[in-house]
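Structures incoming, each one as C-alpha cells.
You will see two complexes here that share subunit A, one where it goes with subunit B and one where it goes with subunit C.
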Partner chain A sequence: MSKTALKMQDTDTGEVCIVSIGGRIDSSNAVDLLDRLNVLLSSGKKTILLDFKEVLYLTSAAFRVLLVATDEAERNTARIVLCGLLGQVRELFEMGGLLEAFTVHGSREDALAKL
Partner chain B sequence: MSIDGPALLVVDDNDDNRYTLTRRLTREGYTNLTTATNGREALDLLQSKPFDLILLDIMMPDMNGYEVLERMKAGGELHNIPVIMISALSEIDSVIRCIELGAEDYLPKPFNPTLLRARVGASLEKKRLRDDVKASLARLEQEMDAARKLQLGMLPLYFPACTPEQPVEIHALMETARQVGGDLYDFFYASERLFCFLVGDVSGKGAAAAMFMARTRSLVRMAMQLWRKTSGDPVSPAHVVESVNHELCQNNRDRMFVTLFFGVLDTKTGVVTYINAGHLAPCLLHASGSIEPINEKPAMPLAVRADTVYQERTVTLLPGDAVFVFSDGVTEAMNAAEELYGNERLQAELCATSALSSEEMVQAIKAKVDLFSGDAPQSDDVTMLALRWRPVGANCKSATPGADQYFEAKQSMPLPQTTHIVIRNDAEELAALTTAMERVGAEHDIPEKSLFQLQVALDEMVSNVIKYAWPEGGTHDIDIHITVRDEGVAVEIIDDGRMFDPRDAPKRDKLLPGQRPLAGGVGVQMTKKLVDRIGYARIGNRNHTTLTKLCVLNPAALGREKT
Partner chain C sequence: MSRPPGLLYSVEETPPRAILLISALQHVAVNSVTLIFPVIIAHEAGLPLKQTVEFVSLSMFALGISTIFLCAQWKFVGCGYLCPAGFSQIYIGPSLFAVHLGGLALVLGMTAVAGIIQIGIAPLLRRLRALLPTEIAGLVIAIVGLSLAVFGMRFMLGITARSEVQPIYLVIAGFTLVTMIVLNIWTKGYSKLFCVLIGIVAGYVASAFAGIVDFSTLVPEGGLSILQLPKIASFGWRFDVTLLAPFAVAAVATTLRTMGDVSNAQRLNDMDWVRPSFTSLAGGVAANGLGSLFSGLVGSSGVNSNSSSVGLSNAMGITSRNVGFATGVAFVLFSLFPVAAIGFAAMPVPVMGASLFFTSAFVFTSGLQMITTRLLDARKVLVIGFSFAMAVMADIYRDVFANLPAVLQPIFGNSLVLGTVCAVLLNLIMRIGVRQRVTMKLHAGPVNRDTIERFLTEQGGRWGARREIISRAIFGVVQVLEVVGDSPDGSEVEASFDEFSLDVTVRYKGAPLMIPDRKPTPREIIASEEGERLLAGYLLRQSADRINCKASGNAAEVQLHYDH
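So, the complex of A and B:
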C-alpha cells in the first residue's frame, strides 16, 4: 500500500466513534470513506468524530462524501463532527468555502471535551 | 450479420475437404458460404465483403494459413474476424502456433459433426457478442457526442466587440477532459451598463456533472431575467446567487455542488461587484503587467446549503485592467513528471500577457498550459475567461503589442503611465534606453537602488536581444515600454527576433532548435536576481519579455491618490 493511500481506523469510546483518516482522499477512494461511514451510521453510532490529522490531501470528491454522510447522519439523528484540520488540509476547506458547511473542532482532545 | 445468416469463408486447397465442409455446414443451417482454394484468394475475398467466421487450412500452396493469419491480425478490420484452423490431429504443433498467432480455435480432420457444430457455434456467438458491445459503445459515444454539442452550444461562443457603448473586451474557452464536462462560463449584458460574467466548476465529472452544469447555467440566466422583469432595483449579484443556490439545493441527494465566480462589471465606473462561491481566486491584471489575485475568503459553493447568505464584494478596475477567471483544470494541469502547472506559473505567464487582447491572453495561457502538460492526458476540464475594461478614451481595438495603436491606447489611458521608446539593434542605442530610464526614474521618484538594478537588468536583456536575436543580421527595431505603477516598474521588451524564453536560461546546455544561446548565461542569471519577476510570451513572431521591479514609490510623484 502506498504512503498516500487512504487509511481509516475506528476507535469506539462508547460515547463517540472516532475515525482516524490518513493519506489522500480523492475520487478514486472517496467512496470507501462513504461506505465506512454508512456502515457506522447503520450500526447505530450516534456521534462520529472524523480526525483529519493524518490526511495529506483531499479533492472535491471528499467534500461531496462528507456532505452526503452528514445528510445521512441527520436522517439517523446522528452527527458527524470533524477535527484535526491542519495546515494545507484546513486551507483546502477554506479555499473551497466549505469550512462552515461542517461542525469543526480543533484537535481530537478539544473535540472530545466538547462532545 | 446479414439476413442470409452468418457469412462463413472456407479456405482449403483440397477439393474433397471443401466439399465435405460446405455440405456439413449447409446441413447445420449455414447457407451463406464462400470458398477459397488458397490464402491469397481468401485475403482478396476478405477485402471485398464482410465475414463472420473463417475456417482456414494450414498447408496450402500460394500463401499458407500462417501467412493469412499474420496478415489478418496485423491490424485493421480483419483483426476482429474469428478464425478456426482446420488441421489433421498430427499437426498439433502447427495448431498451437496458429492459436498463438490469434486463431480462435481449431477443427481436427477428419471432420466430426458434433465438434464442427460446437466450435462454429461458439465462435460465432463470441463474434456476435463482441459486435454487440462495439455497437453499444458506438451508440453511447454518439449519445455523448450529442450531449457534448448540446453542452458546448450553451456556452456563448460569440464574443461581442468592444465598443464605446459596450467597452468590454471579452474572450473565453472551455475544453472538457471527457466528452462532457462540469465546467461552465457565461457572460451577458444585464443592462446597457452592467456586464455579467461567470465561471463555475461542478464537483465530479461525466454526465452527472454536465447536467448539473447545465442546470446552474440556466438558473443564473433565468434568475437574472426574472430580477430584471420584476424588480426595478439595480441587479444584486448576491440575490441572484442566493436564488440559484436555493434552487440547486432542491433534490440534491447526491450532494453535487458547484463553485462559482460571478461578477458584474459596471462599464461606466469599472467597479466589479462579485460573489466568489468557493471558486479559485481570479487574477486582476493591471495594464502595467502587475498582477494580484482577487482574493477574499471565498464563500460556500452553491448547492451546499439552501440558506447560505452571500456577501457582495467589489474591486475597482482602472482603464485597461483585465480580469482572468479560470477553473482548477488550469492550475492543476499535470505534466508527465506529475508536477502541477500551479498558480505561480500562471501568474508569471499572465504578467507576460498583460499587453494582449483578451483573446490573445486566453490563447497564450492555453498554449502555455498545453506546452507544460505535453503528452500527459488532460484530467480535468480547462476553462478560462478574460475580460478587459476599455472605457471611452482608451483604444478598443485588439492590438498587437508593439503596434502604434496599442501604444496610443496606453497613452490615452490616465494610468498607468507608460513611456515608449524604440531603439535599433545596435549596442550604441543602449544609451538612449539609459537616458529614458533615468528620465522615468526622476519623474516618478523611483528609489535609486531599484532604478539602478532595473537598469542593469534591462541592459543585460536588451544587449542579449541585440547580440543574438537576428543571426542573419540587418536592421531591426526593439520596442520598449516602461510602465510605472504605485507598486513598481515594469519594462516590456518586444522584438521580432528568434524565440528566446529567458526563464529557460538554466538549461543552457540543452538548447532547442530555434533557441538562441545566452549571453554567457551569467547575464540572464544576474538579471533574475536583480528584478522581482521575469515574464515571457511568444506572440506571433515576437518575443515579449517583461522585467518587473517592485519598489515603493512616492505616491505624490504618481500624480494621483493611492487607491
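So, the complex of A and C:
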C-alpha cells in the first residue's frame, strides 16, 4: 500500500464519532470516504468529527464528497465537523472559499471541547 | 505571517520605555564583546594606550551608526529588523594581514573598500541567489555559532600562549555562564529577559573580587576627559591591490552572514517563514556595506550584523526594531565618554567568554534550522558537510595551514572565511549536471498518483526546491489529470526548475482544460460533476502562481507556474 494512500480510522467517544483521515483524498478514493460517512450516518451517529491532521492534500472530488456528506447529514439532523486543517490542506479550503461551507475547529481537542 | 509563541514584542511593536532601555543596554553589552576585535587589531598595530582608547571610542561610534543603518527601513538601506551590528571575526584575518603589511591605515582603507564591494553586491542579491542559497547562509550562521563557541571557550578558560588554563578564569566564566543559564531557563519575567546583562554584571563583580579587572591600568597618563568627541579619521587610510582578494572574500562572507542574520530575524517574527524577503536582505547587505565603509572612513575595522544579538533577541522574545535604534544611539552616546570605552575595553576576558559561549548556542541552532528549511539532496549534503568540516579544520589544523603561502593565510587562517569560500565554490561545482528539465511519461489508464509524487519529490530534492512548492505542484498535476480523465495515448509531465520558479507542463490528448474565473458555489459543486470540474479549475488557478492552457489539433497542455 502506498505511503500516501487514504487511511481512515474511527474512534467513538459516545457522543462524537471521530474519523481520523490520513494520506491523500482524490477521485480514486473519495467514494470510500463517502461510503464510510454514509455508513456512520445511517447507523445513527449524530456528530461526526473528521480530523484532517494527517491529510496531505485533497482534490475537487474530495471537496464534493465532503459537501454531499454534510448535506446528507443535515437532512438526517446530524452534523459533520472538521478539524486539524493544516498547511496545504487549509490553503486548499481557503482557495476554494469552502471554509465557510463547513463547521471547522482548530485541533481535535478544541473541537471536542466545543461539541 | 503568524506570530511565533513566546514572542513578547515583535519588530513593529515598541516595549515600555524601561524595557526598551534595558533591552538596548543588553544588546550594547553583548555587542561590546565584539570590541575585542578592534582591540586585537590595535594591539597588533602597536597603538599606545591613549590611541587604543581613542580607537575603541571610534569603534563604538561606528558600531552605533552601523546599527542604525542595519535596523533602518529606508528605501535601499536597512533590513527593517532588530539586527544590530558588531565587529566581525571575519575581518580579523585580512585585517591582521593588512596591519603587518601597511599598518592601521591600510586596515582602515581596505575596510572601506570591502564596504564598497558589499554595497555593490546588495542590488545583485536576487541574481546571485543561485550562488548564495538559503542553506549556505544557514551554514555560515552555524559556523559563526561554532566559532563564537570556540572563541568563547578560549576566553572562558583563559588559555595562555603556552596553552595553559587559568583556573580563576574558569571559575568566573562558569559563575557567569551558570547565572545566564539559570535565569534563562528557570526564571520568568525581567530576570529571564535580561539574563545576559545580569550575567555580565555578575561576572564583572566576580572578576573585581578576584582582582582580574583593573580599570586604572587603562587610564592614560594625565587622566581622562569626561566628555570627548571621537577623533574621526585620525589614523589615515592606505590601499593595496594585493589585499583586494582577502577583503573581497571577507565582504562576501559578511554578506552571507548578514543574509543569514536578517533571514533569522525575519523568521523570529513569523512562524510561517519559509523564504527570506529579498528587499529586506538587500537593504541589510547595503546597510552592512555602508557600515563597514563608514567604519573604515572614521577609523575602525569591518562590521557585520551580529548573530549573537539576533540570538539574544530570540532568547529574550523582544525583536522590536526600536530596540535596535536605541542600541545604536546608546553606542553613539557611549563613544562620547572615554570612560565608557575603558569600561568596555576592560570587560574581563572570562566574562566575554561566557557571553560568547551562551549566545553561540542560539546562533548555532538558528543556522541549523535555516539549513533544514530546504530539501537536501546528496549535492547539498556534500556542500554543507564538506564546508562545515573545512571550517572546523581551520581551527584544528591551524599550525598546518600556517605553512601555506601568505596570500592564502586570510582564507585558511579563519574558519568562517574558509567554510564560506568552500561552500560557495562547492555549490558552484555541484551545480554542474543538475538537470533543469525532466520529463515523465504516464501510461493510459487510471492516474498513477504514486509515480507523480515520487517523480516530483525526488526531482525537487535534487533541485533543492522548497517542499511547499513541490506539494503544490503535486496537487496541481494530480488535479489536472483527474479533470482531463483517461487520455488514450497516456500523458506527459515535464518539470523545469531554475531556482526562481518551478514550471510544470502536463500534455495529453483531449479537449483543453477550462479554467473558470469565478468560484463555484457549494450548491453548484453538489449538484453535478460539472460543478466539481469548475471547482477543480478554480483550485488550479488559485494554487498556481500562473496557469495557461493551450491546444493544437487534439493535443492539449496545461502549464503551471510556481514562484520559488
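As a convention for this text, the second predicted complex is superposed on the first by the 115 of 115 C-alpha atoms of A that agree within 3 Å, B and C clash if a C-alpha of one lies under 4 Å from a C-alpha of the other, contacts with A are read in each partner's own complex, and residues count from 1 in each chain.
Just so we're on the same page, contacts are C-beta pairs under 8 Å (C-beta built on N, C-alpha and C of every residue); 3 or more make two chains touch, one makes a residue touch a chain.
From a predicted model like this one, the values you see are computed outputs, not experimental measurements.
Residue contacts after overlaying the shared chain place A:Leu112 against neither subunit B nor subunit C. In the superposition on chain A, contact is made by A:Val68 with both subunit B and subunit C. Of the two partner chains, neither subunit B nor subunit C is touched by A:Leu86.
Within the superposed three-chain model, A:Ala101 lies in touch with subunit B and with subunit C [touch as defined at top]. Looking at the shared chain after the overlay, A:Val16 reaches neither subunit B nor subunit C. Once chain A of one complex is fitted onto chain A of the other, the partner contacts of A:Met8 are absent, as it touches neither subunit B nor subunit C. Applying the stated contact rule after C-alpha superposition, one finds that A:Ser28 touches subunit C and leaves subunit B untouched. Annotation for subunit A, partner touching more residues between subunit B and subunit C: C.
When the shared chain is aligned, subunit C comes close enough to touch A:Leu56, but subunit B does not.
Overlaid on A, the two complexes show subunit B and subunit C touching the same residues of subunit A, namely 27, 60-61, 63-64, 67-68, 71, 95-98, 101. Contacts from subunit A toward subunit C in the complex involve residues 2, 4, 24, 26-28, 56-57, 59-61, 63-64, 67-68, 71, 87-88, 91-92, 95-98, 101.
Listed in rising order, the residues of subunit B touching subunit A in the complex are 203-205, 253-257, 259, 276-278, 280, 297-301, 304-305. Only residues 446-447, 449-450, 453, 468, 471-472, 474-475, 478-479, 482-483, 519, 522, 525-526, 529, 531-533, 535-536, 538-539, 542-543 of subunit C touch subunit A when the two sit together in their complex. Against subunit B, the residues of subunit A that register as touching in their complex are 27, 60-61, 63-64, 67-68, 71, 94-98, 100-101.
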